[in-house]
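You will see chain A twice below: alongside chain B first, and alongside chain C after that.
Take a look at the complex of A and B:
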């Protein structure tokens, strides 16, 4: 087990460094001069001064060396536009996005277990078909359109929830719903199909024969069997969720990490974009390692394939 | 007599695979609309008529789905938007599937070895980049148009295909039929195409419609954020982006393109889901 963890960690660090280097080079190839964007009315000499102070006059390998040296110290440089350090800007934006992410995940987990159970226990009945069709429908809807519909219903027509900018906790409700709907749809399908699968298995039939109560069979045998596919589906969906968060934050003008990165790219705020890319890719890489190791840990068959744990 | 039976059995098959049939009908309809957009569109999608701005849908027989903020016919614009979606969706998935197929087969056949390791690390790096950020950077770097959007989308998708193919190739290598083919002196090329390639169909085919659906959504998303197909070119995403301004006063305007998009995506998902069930006996019940 330790060997596998170490191997995956070393691979993860290698991949992160590659991502940092590639994005570093690509970002500096984007046409547009940050000095000109920052101070459009300045004289060429003043703009040159700005470039010098940001280290943009040096060659790309030299800039990269400086950047990595600072990164090791936990310094991601200054944001050119927010007159603050990148770490501070991210510290303000990340919690807001995390609120959305966590509340969307919790809502989806609870809802999907309930809906998936109702559908799965009544396989092929009208209620199962209803739940499954709604799930497919929500899976097919683009996030930004769902967000727009939510704005039309709850902000424009009912006027009960704010739709733009961050104005306290109420502003989190609509973005959370927009993120949670497709996630719930996917997870409900997973719970439903693995429950149906479990109830067709020999060990559940034997449990019935042994006279174990229905409730105990549901929790101890059927639902337990859904844990692995559920966790794996949740892990893969988390990746999509981080992508969706950028879009949903854009629609709602919600000042989280996605909104920040979009604006940073448009303003050529290299250091900020770079910092957020590092944050995102570390998140993705850690997530992938956790999914892999988790599925090895949870599933005895995978354990064997990996040469034991 | 015989013909009648055949017709009956076709009907029976359709009855058993209702969702698949509905999906195919939707997909084929959208394909036809996309390919023949210039013939089908009732009006010139670029012709503005300021005297009939923001005409509501189903009010005027000339403009069934209404008009936009400068009086252009929304139905015609949507038909051209479908054309963009269809072209970019199909091309990007085709490109990604082909790249993934080639990389996956090479990787699987040489595994374990240095070529396999290098190729898999490349897919790791690619997957370490969140798609949306990759797309944003790439599309500020290259001017966004049909070609660059297609390339960016397939760039994000190919590692998934490479992984799927590789994980299907590796267990096949130790099977008896490959050993027999090797014994008979079949070349590596022949083995890859005729034996291993053929067995990849069940794993790859269902992914294709599902991914086309995903890429169509991603394209519309990029265009919605002004990072994809930008005006004067037409995409469902930028029609919705236009509509965003009128979300409070004319809510119907943003609803219509969304519904057109969702029906297309639903059709593709029906096809993909049913193919998956068809090829996976475990799901068949």
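Take a look at the complex of A and C:
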């Protein structure tokens, strides 16, 4: 187990360095000079002074070398526009995004288990078709559209929830729903199909024959068997969820990490964009390691393949 | 399956009807829900949503951004204030001002008893330091000025201003209506003061700046009459739809930069009023002179004649703009319509092309127009319209939309494209705020004025007699620009603000700064 963890960690570090390098180069190659964004009407001499102060006058390899030297010391640099360190900016934004992510994930897990179970236990009935159709509907609706519709209904017309900003827990409700709907749809379909699959397996039929109660069969055999595809699907979808958070936070003007990174990209705030990219890549790598290890732990076949862990 | 689909459709429609129905009906039925007819902001607070991002520094010396000008005008005051009806400067922090016989030394007498928000006294030392710093060519704000200023403090409340060139500066008195007064101590240590917080003499002091929101509160020691609104929150919200929703839901009292499509939606909402007015801004199509054939006057004129300006105003802006008929907006001091500007005449365009040796566009390269997207309203749409107009007279042209940063990257470059879009919204009605920045320096077009035009510019810059200045501007300067056509004015911008109908008395300058003096909320 330790060997697998170490192997994954080494791979993760290598991938992170590649991501840092690629994003570093791409950011500096796309059109848009931070000095010109900061002072568009300044003279070329004034803009050059700004560039010098940011270290942008140096070549890309030199800039990268300096960046990595600071990075190993834990220094991600200063945000050009926030007048603060990148770490401090991220410290303010990450907790707000985590609230959204965690509440969206918890909501989705609970809803999908309930809806997926109802659909799975009533396979091919009208209720199964209804739930499956709603799931397809929610999965196919783009986040920005869902966000806008939620704002129109609950903020503009009903006036019960805030449409923008973070002013307390109520501000999290609509963004959470916008994030949770597509995730719930995917997970519901996974639970449904794996339950139907499980109920068609021999071991469940044998359990019925042995007179085990329906509730026990559901929890001990059918649902348990659905956990592995559920965890894998959840892990895959978390990547999409983190991507969606950029759009959702932008629409709700929610000051989390997604809103921060989009603003930073628009203003060519290189250090801040770079810092958030590192954060995202570390998040994905850790997430993948956790999913891999979780799958190994849950699935005896994979445990065997890994050498009987 | 059909039944299920029908059922789902019915559910979706029901949700839509409940959600999107008229909120007043739910009130009539006695539900206790807050509806969009109610403002959710406090009665003594005004929440304004701005559309332009904050700059890295709040210092007035480091930007020419419109939103930053709005934000600083809430806290900082000017020596004089322009009466936009008479177009005459009026006393404000300065009570008297007069030139000496040479017209190169302006003596300014200041109001006594004025305090900065940090409690210190406003004196001649502060006014002198502000004038020198704001006009200094090393600062970004220096681009507004035709000359730097040198000041001499006579006593605590008197100082003199002299243009650094030693020549008279015709725009000086008008420019003092746009020069923010800052503390001399702050100017010595900007990183810990004006870069982070406004410290002015205005009726509102800035109390915090976080999460892209500046919060201001009434300044009890203000020298003049205090407004009635206690708190102002000025917040940057990037997405236009989010701003619109916040206004409709009552979370915001005022939103900036409403586009013409949304304006018609808001006008039908009884809880919202739409304030629209011409600003000091004009939008221009700017040729890059280093790119042949944009240096050819006849080509530029052909392009100018080929554009259907009325069509742009009517079809793209739905009437929420006016066609540009001069190089300055009609709100600017000394404005006059100029022949040849805003004139749509495809036949004249064809004649110009023929005279230039490009009959029906033969021999011209495929031109392009770089335009920003998401900064000015509807730029992509009206430049596609313009490209179609040019195509109609034989000029092949493509439109290249760029995000704001990429557009800003090439705006001042010499040869990135044949033409580029840009607007300019001066902070006051003094024409030099536009003319000097654009035509004397020519930093966007890289246009170099002819000797004749340069002579007119010099005479205009140094003439201090108001009537004579106006005559030079109207009879010589603007017609000379029309003859040269260094850029092609397209429209005079109309600023559209959405305001909750319970907000009364909100006024604006033509630079779109707010006047809060008479604002109340029902």
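Quick note on the criterion: the second predicted complex is superposed on the first by the 299 of 309 C-alpha atoms of A that agree within 3 Å, B and C clash if a C-alpha of one lies under 4 Å from a C-alpha of the other, contacts with A are read in each partner's own complex, and residues count from 1 in each chain.
One rule holds for everything that comes next: contacts are C-beta pairs under 8 Å (C-beta built on N, C-alpha and C of every residue); 3 or more make two chains touch, one makes a residue touch a chain.
Since we're looking at a predicted model, the values are computed, not measured.
When the two structures are aligned on the shared chain, A:158 is found in touch with chain C, with no touch to chain B. In the superposition on chain A, contact is made by A:263 with chain C only, not with chain B. Of the two partner chains, neither chain B nor chain C is touched by A:76. Of the two partner chains placed around the shared chain by superposition, chain C is the only one that A:129 touches, whereas chain B remains out of contact.
By the document's definition of touching, neither partner reaches A:278: not chain B, not chain C. Legend: residue contacts after superposition of the two complexes on their common chain; A:46 is shown touching chain C, with no touch to chain B.
By the touch criterion stated above, A:30 is placed in contact with chain B and with chain C alike. Once the two complexes are overlaid on the shared chain, A:186 sits clear of chain B and of chain C alike.
Of the two partner chains placed by superposition, chain B and chain C are both touched by A:250. Chain A uses residues 30-31, 137, 148-149, 151-152, 156-157, 250, 262, 266 to touch chain B in one structure and chain C in the other.
The part of chain A that touches chain B in the complex is made up of residues 11, 14-16, 18-19, 22-23, 26-27, 29-31, 136-137, 139-145, 148-149, 151-152, 156-157, 193, 196, 200, 239, 242-243, 246-247, 250, 258, 261-262, 265-266, 273, 276-277, 280-281, 284-285, 288.
Only residues 1, 3-5, 7-8, 15-16, 18-21, 23, 26, 33-36, 38, 40, 53-57, 62-65, 137-138, 140, 143, 195-196, 211-212, 235, 237-239, 241-242, 245-246, 248-251, 402-406, 408-412, 437 of chain C touch chain A when the two sit together in their complex.
Chain contact summary for the complex, chain A toward chain C: residues 30-33, 36-44, 46, 80-81, 83, 126, 129-130, 133-134, 137, 148-149, 151-160, 162-166, 250-253, 255, 262-263, 266-268.
Across the interface of their complex, chain A is touched by residues 121, 124-125, 127-133, 136-138, 140-141, 213, 217, 220-221, 224-225, 240, 244, 247-248, 251, 254-255, 258, 261-262, 265-266, 269-270, 273, 283, 285 of chain B.
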